[in-house]
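In the two assemblies presented below, chain A is common to both, partnered first by chain B and then by chain C.
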Partner chain A sequence: MQYHRPASFAEASDLAAHATGITRFLAGGTDVLVQLRSEIVTPDTLIDIKAIDGVRDITRHADGSWTLGVAVTGAEMSEHPQLGREWPGVVEAMDLIGSTQIQGRATPVGNLCNGSPAADSVPAMVAAGVMATVTGPNGDRVVAVEDIPTGPGKTSLAQGELISALHIPARGANGGDAYLRFIPRTEMDIAVVGVGVNLRVDGDTITEARVALGAVAPTVLLVEDCARALIGTTLDDAALAALAASASAACKPIDDKRGTIEFRTEVAGVLAKRAAKIAYARAKGETA
Partner chain B sequence: MTKHHVTTTVNGDTVEYLCDARETLLDCLRDKLNLTGAKEGCGTGDCGACSVTLDGRLVCSCLVLGVEAEGKQIETIEGMAQGETLHPLQRKFIEHAALQCGVCTPGVLVAAKALLEKNPDPTEEEARYWLAGNLCRCTGYDKIIRAVLDTAAELREAS
Partner chain C sequence: MALDDRKSHFTFVGTRPNRPDGLDKVTGRARFGADVTAPGMLFGAILRSPHAHARIVRIDTSKAEAHRDVKAVVTRADFADVPFKPGLEGEFWNVLENVMAGEKALYDGHAVAAVAASSALAARDALKLIEVEYEVLPHVTDVDKAMAPDAPVIREGAADYSVPEGMHPNVVRYHESGHGDVEAGFAEADLVIEDHFVTEATHQGYIEPHACLASLGADGKGELWCCTQGHWIVQKTCAALLGIETAQLRVTASEIGGGFGGKTTVFIEPVALALSRKANRPVKIVMSRSEVLRATGPTASASMDVKIGMKKDGTITAAQGVFRLQGGAFPGAPGDMTAMCAFAPYNLTNVRQVGYDVMSNRPKQAAYRAPGAPMGAFAVESVIDELCKKLGLDPVEVRLKNAVREGTKASYGPTYDRIGLVETLEAAKAHPHYSAPLKPGQGRGVACGFWFNHGGETSVSLALSEDGSAQLMVGTPDIGGSRASMALMAAEVLGIPYENIRVTIADTATLGYNDVSHGSRVTYASGLATIKAAQHAVEKLCERAAAKWGIPVDAVKWENGCAVPSGPNAGDFDPLPLAEITADMGRTGGPISGHFEATPEGAGVSFGTHIVDAEVDPETGKTSITRYTVIQDAGKAIHPAYVEGQFQGGAAQGIGWALNEEYIYGEDGRLQNPVFLDYRIPVASDLPMIDTVIVEVPNPGHPFGVRGVGETGIVPPLAAIANAVSNAAGVRMRQLPMSPPRILAALKGNG
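Moving on, here comes the complex of A and B:
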């Protein structure tokens, strides 16, 4: 295994573009090194991107939008004084992953690029409308995070391409987000179902909504029908019922030891309602 | 296979080693630096027996490559006592019998020290969540948590 520590994303891209065999990028390593240690994936080329300038930075821009460097960890997001006030759902989703030790290394970019449909941070980022800059041999392109994973363990990134930054939109007025997941225990487990909701209100009426589901299909899903069930409503019982029905209808889950198809389908609706209530209360400024 | 030359700081001392890119920081600490306090339990980041701090951040050293340690500050269990004087956490772990076989203990102590540096007055719930990544298969966790909270109380009185 060749180990590289490039000083720029262009150099990282060039190394990956010219590498043969299996290439992996190393940020926190909480998936890449587990797969290496378990002999699931042994890279021929490992490109450590943590020596690139700015990769540890959490930047809030003048317009209220945010840029997260690719090596920003869950712990750094949770400790940031302002990020979690504006995007509590995104920060809480990342914070659900693993132990304190894992939080010290794990990154949302890695969670995204690992391609797990059960990745906790991904539904929250999809709901928030997070975009990724992808650097490749032909320069940069900007991609919605929901367009990065294409199936379990697979992404839309071509050889030589890597994510070089994440962009969170400006929170703006009267907005709120939330992420909830179901696991059979209280800590340190993989989502059986995850739901991210991001809303904006005008008075009591929802004017914008994005709802994303995790662990119920081969990729995290952005569910337009869920958004339609919410927009124009005051999150009354009829809207909640329509939201739950839309969420359950979008599920294409697997049966496994952690949850059956029937269970995941039902819980997706239940969690969508609960997450929507939290996001709605946050959007109205009733809760933090 | 090309070996990588790594210069890093462990418990305040500058150290150097040669390692293969696939070797973990845990392997390098144990096999090259003879710092065998950090233990390999699971080897995949689940059990916390290999906990160390890397630039002040609690991590599993089995999920850090030896080459990644270049230029970093690493603290291990070996740096916890000052000579013969035990760290208050170590003393309280003995008082409370918060260990049995001892394999998890170095990792628990390193993790607990990181907790008390960040939060000198943790609630029991906060301590339990913080230490959720340190698995003990002997004693259960009550004595460990009591020892950590008692240490926190003593350190607060002393400061």
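Moving on, here comes the complex of A and C:
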């Protein structure tokens, strides 16, 4: 196994482009090292990206948008004084991952690129409209987060490509987001269903909405029908029922040791309603 | 002379001093199974079958043997040659077959070969060089399917004499007992309910994986360090499996990170010894969590039918149960225990119980706290709860009405001595929990539970030091705080402070035989032996005082740690403290020590009553346990904090078993969830504070009244939680675990 610690994304990309066999980037390592030790994936090349300048920075730009370095951890996001006030859903989703120890290492980029359909931060990031800069042999491109995972353990990144930054849009006025997941226990578990909701209101009326579902299909889903069920409503019972129905209809889950098809389909609707209520209250400046 | 037995007026017993192993454990100084090394040590690793049932056609180890870091490879052939004890039989054969497969791999995870190499990584890599050709056979993992006529046969001829003719060869033991006429009893009832119940296998979930360090020379002399609940059984079994003499193998028990019954047998120890013998170097093996889940003993899974008849006033007129337990690919599922415990709390005129031990393609089941009892209680106590609901009766009153007492003939045969079930029920009725209001969406459940408790072969040795301190050697690994309890009991007899007594778990070379720490026997049996050994030392102390004073020994009594002249000589001499006698002992007759060896028979059965509140989210089927109270008879709580710990631990493990823990097998017969991520043990935040009430109805069979408390506490929870959840959800849950998908399906009427 080759271990590299490049000083730039260009160098990291170059190393990956010329590597043979299995390549992994080492962010927090909470997926990579666990998979290595349990002999699920034994990489031939391991490229540690934590020595690249700026990878731990959380930057708020003048327009209110944010850039997260690729080694920013869950703990750093939770401890940031302003990020969680503007994007509570994104931060609470990341904060659900693992324990205090895991929080000190785990990154949203790793969560995204590991490609698990149940990754907790991903539905929240998709709902929030987060974009990623992808650096590759041909330079940089900017991609919506929902376009990165393509299936369990798979991404759209080509050989030699890696994510060099995440961009969260400006929160703007009267917006709120929320993430909820279902697990049979209270913590240290993997989502059986996850729902991220991000919306904006004008008075009591929802004007913009994005709803993303996790763990109910091979990739995280951005569900347009859920957004349509919300936009133009005041989140009344009819809107909530339509939202739940759309969420359930969008599910293409599997039966496995973590949950049945019927269960995931039903609970996706339940969580969509609950997350929408929280996001709505947050958008209106109420505490939820 | 020595003290008479007593049940009250204790000085040390019943206090809560700090645990003697506390500092070691919080500082990391305690040495567990994996914490030792030896010069020249190799690392062992075990190759395991990926198939649930397969004939092993060929094993080619040549490539692994050629690996430069590999020093030994073993397969079953390395155990077969046992010149000293050829032809293993019975349980030894079963254990050998389990630790290293013979002709067939019998379950996913069954060991088929092992290597020892100079690093753990090399050992792991070398496993991949071993070629095994399998002929995959049909498999069965479900208990009911394993009994069906078309089920694949795990092993012909495994059944014993008890099995009625015509049963499938996978049914290997049969138990039937009871008394009265159940049909007549059911005819007298105002309401009869019969239901079917299912529980899944769960693992003991001890936090420390199995680990050992073994060394065995060509001279047949060996040393073994391992994490076990009983090192004499390890010694005896390993010696048999390796064909050496028992006394030539010295086994030392490490500090233990939980066992709960699962560490009462061997898995890796004989393999490490075989590797060591072949490599002529010490070999260490440490299991991974997935090896623990795949290849060490979980509980049995169960399929049960229970029928109970009740009169309108709550009197049970008859009870009948059929309990089918699957215990993996070997005989041993405790169907008999399930049957015998199921109705044990109730005074029944008419009762009949049947238990089956059934084999399937799963790992060999191992004991798990009160093995077999929790499942039966789940079925029986659920039916009683249903009867109470339908007849509009209070569940505690009904249990009190039917409760067994001293002199009642037990459902499993004997007549009860002094027991404390009624006292636990009275305490439950009086407890504020039982009358506390419930919030909407919550439900309350109660259930009782019974366990036999056990005595077992026991030896204890106590040696006094010149300075008046004492060292106590016991042979039962401390799995629940027993060192503290032993020191308290010795302090009580000797009359010296708890802190002046050091308790050690002696190795097999330094003490006589001791049975495993199981059957809730340690505080009872090792405790009894400790008291007797201390009394033995006290007799000698009194003799020395008598000699010094020149008076007859029966004119000396032992009081508050001093020899005191009594009778006609009372007041003739000043009390002589223990330390003054020991200071001179070299000159007055030599070292003073006390010993005791026996198989005490008066363990004293134990009962408990649990009260649980549960809240069910009707939209997701998720349950939270909002309040929990354990009430149990401890006979006499030697160290009450440890007793409470046992009560709470039983409840915590019961919550896991009831709600989310389960062995999940795929169509291919492979275990789907061999990691803690998907084998869902409760995390700390899943549990409420667990309230405890210690009832003390002294056990006549123990000098201080002790009853074992380690197992009864896991008997009522499955039932109590199922009753609470069923009452909260408004739908009866008859299958465990009551995971959210199962509850939601039941709520939606399709479960």
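We take it that the second predicted complex is superposed on the first by the 287 of 288 C-alpha atoms of A that agree within 3 Å, B and C clash if a C-alpha of one lies under 4 Å from a C-alpha of the other, contacts with A are read in each partner's own complex, and residues count from 1 in each chain.
As a working rule, a residue touches a chain if its C-beta (ideal position, glycine included) is under 8 Å from a C-beta of that chain, and two chains touch if they have at least 3 such contacts.
Computed from a prediction, not measured in an experiment: that's the story for all the values here.
In the superposed model, A:F182 makes contact with chain C only, not with chain B. Within the superposed three-chain model, A:E266 lies in touch with chain C and out of touch with chain B [touch as defined at top]. Applying the stated contact rule after C-alpha superposition, one finds that A:K257 touches chain C and leaves chain B untouched.
In the superposed model, A:T234 makes contact with neither chain B nor chain C. Of the two partners, chain B and chain C, it is B that touches more residues of chain A.
With both structures placed on the common chain, the touch criterion links A:N138 to neither chain B nor chain C. In the superposition on chain A, the residues of chain A touched by chain B in one structure and by chain C in the other are 38, 187-188. Interface residues of chain A, counted against chain B in their complex, comprise 1-3, 5, 26, 29-30, 33-34, 36-38, 42, 46, 48, 50, 73, 75, 98-102, 104-105, 187-188.
The touching residues of chain C, when paired with chain A in their complex, are 124, 288, 290, 619-622, 624, 659-660, 664, 672-673, 675, 677-678, 680, 682-683, 685-686, 739-741, 744-745, 748, 750. Across the complex, chain A is touched by residues 4, 21-22, 24, 43-45, 48, 51, 54, 57-60, 62-65, 67-68, 111, 114-115, 129-134 of chain B. Within the complex, the chain A residues that touch chain C are 38-39, 182, 184-190, 192, 256-260, 262-263, 266-267, 270.
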